[in-house]
């Protein structure tokens, strides 16, 4: 359960409603996921977060699917349950195949393993890696 | 400084030497980075880690550069200094442009922000995200 | 479900009972939350933890409500589900308004975002920040 | 060392220069700290991050100093070296006394301790904490 | 709920079936826990992970029970719900008494507390600790 | 560099001096490591932390060396540079051999790997693991 209520459409402030309208239009679906309903108590943060996300996760220097996979990687390392679920769903919707998902998981696991070992050993950074 | 010495080539066990030979052949460079020198005290873990890494980070369902960027994302979330440096260097060597790096950093930041907010709020997972 | 049973009042050791009595008296409620029931298997750790918490979270150089908000911030960054819930409830009981909660969440998100970016970039510490 | 160069003033794009001007005007100092110089490679992220930070960290529902202390708490939990240094300096500049710093550190330590224990035990959330 | 289905025995590839057979033979039980069923979508990662785990967690320079307790410690610090549960169960099966569990939890808590304080203060490493 | 000065012996309050005396007597060395010098600004937290540590890290239900290894594991997962260094030194002083260190590092790496995969997949806890 959330530590505060998820706002239903009839409880939204005008600014939050505007953001929800834009989420619906941008995504082409009427469904608003719980994260936005939890954020809607603070319409300005809702708006700032949504607009930054929308601007960032579309086409750019990186493919939108690559960005969703990066999001999953960060979410796993941060142990964010909600984010692992929501961004795995988003990555599948953007075309992540089972093979890609398998490989992504293996890389996340590998990185976590070598991260922990490098940190435990406090391996000094090689001079050639510094700019 | 490392919490144990970095092994120089003349101190290697035969198994560790074999792994170093393979790292050099695979990467086409004589340079062995510090992580492997720190791991070389334990030749079996060195071998298992290198072989898994080599198998995973080459061509597959995901592009090698995408995998390096996923590695950076995990390393940033895990606050691994060594890994942020070494995998940023590796990603650049595999073709990450400044524009791609910029966008990667922005996604890592965005994901960390929404991760923390979703966790602080304990947003419940939407039913539609569950398999 | 906990990875060990939550102790009910009739299962407490004399030392654990003493601590529970003090929790009840200090908080002015009969309710003992699950964290203490899980810790009660180890009465000495229960006592040490409760006494340190009681001494620390009351009035001092910082306002008790400020300390609860710091607790929420740490709990979100550590992805502690139980702690996000229990300290959000405690902060509300100590007077955290919706506006304060909104701003707290936004700061937690902002800090997480810039933390991840500073770490990914391995930004060197400015000399003026060092003592 | 950073994993990419810190931009000096003569290398800034027009948009980055505008942001630096605003940082200088807002803070009343000519000094630009390294984080912004590292971000300046990506002027749009620089601008978005700075404007969100400026809007959030000033007066609001929470005291600016409280927000700096929350920032330190998140940074410690995320093990962000740069952020611990820069926000400790900022909190001192906003009036954090030694007594406040001491108590803040004690709360951060206490929260981290009980976070880890609650997570290791997987203590179930009390019903009374749910909204 | 998992973000992908747990594979039942009738859905396994031949390689995944071989691994499951080995898990059953090694552990002397027919029960396969959910982690392996979730990994079975990627038989090669399943096999590599299981074989590394089997080789590592048995008798060696460290006692198998000590290794399970180290596993719990890492899992708590990483906030991995599944891993806290499964490795606490495994440690109990290998002989962890209540007294040992209590002391383990206290050490995990203590370490997390001093970790956070050392990081917040950015305590410099003593020269005598460096190799 | 620390974010506040390390207190030298001539700057200690009477209570901090008492604690330093006890650290010296308990450890049989005149050397006081930096963590305690950084904490000495807050003599009460210094005393509470030292006494809890002293009580916990000696002989008990777990071997003192096992507890140092658990400390290293938590410190690696929390990315605490200072703690990785100081507790690796402490574990060696208590008899950790190279073989034990190697195996400890491999377990820490393995746990971090499977933690990240279990979290990314959000594997549901098996009923048999619940108490």
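First chain written, first letter: the chains are A, B, C, D, E and F, and each begins at residue 1.
Here, contacts are C-beta pairs under 8 Å (C-beta built on N, C-alpha and C of every residue); 3 or more make two chains touch, one makes a residue touch a chain.
A quick map from chain label to UniProt name: A, B, C, D, E, F = Alkylhydroperoxidase AhpD family core domain-containing protein.
Worth saying up front: this structure is predicted, and the values here are computed from it rather than measured.
Enquirer: Same interface as C-E shows up in which of D-F, A-D or C-F, over half of contact pairs matched?
Expert: So the equivalent interface, with over half the same contact pairs, is D-F.
Enquirer: Report the chain whose mean Cα position is at the greatest distance from that of chain E.
Expert: Max centre-to-centre separation from chain E belongs to D.
Enquirer: Expressed in ° and rounded to a multiple of 5, what is the rotation angle of the C-alpha superposition of chain B on chain E?
Expert: 180
Enquirer: Quick one: chain A and chain C, Cα centre-to-centre, how many Å?
Expert: Here chain A and chain C have centroids separated by 26 Å.
Enquirer: Chain C to chain D: how many Å between their CA centres?
Expert: 21
Enquirer: For chain F, which residues are shared contacts with two or more other chains?
Expert: Residues 1-4, 49, 52, 73-81, 84-85, 88-89, 102, 105-106, 108-117, 119-122, 125, 129-130 of chain F each touch two or more of the other chains.
Enquirer: Can you list the chain A residues touching chain F in their complex?
Expert: 72-73, 75-77, 79, 81, 84-85, 88, 105, 108-117, 119-122
Enquirer: Touching residues of chain D toward chain A in the complex: what are they?
Expert: Interface residues on chain D, with respect to chain A: 1-5, 48, 52, 125, 129-131.
Enquirer: Show which residues of chain D lie in contact with chain B when the two form their complex.
Expert: Against chain B, chain D makes touches at 3-4, 41-42, 45, 49, 74, 78-81.
Enquirer: Contact residues on chain B for chain A in the complex?
Expert: It comes out as residues 1-4, 6, 31, 33-35, 38-39, 49, 52-53, 56-57, 60-62, 66-67, 69-71, 73-83, 85-89, 97, 99-100, 102-104, 106-108, 110-126, 128-130.
Enquirer: Which of the residues in chain B come into contact with chain D in the complex?
Expert: Per the stated touch rule, the residues are 79, 81, 84-85, 88-89, 98, 101-103, 105-106, 109, 116.
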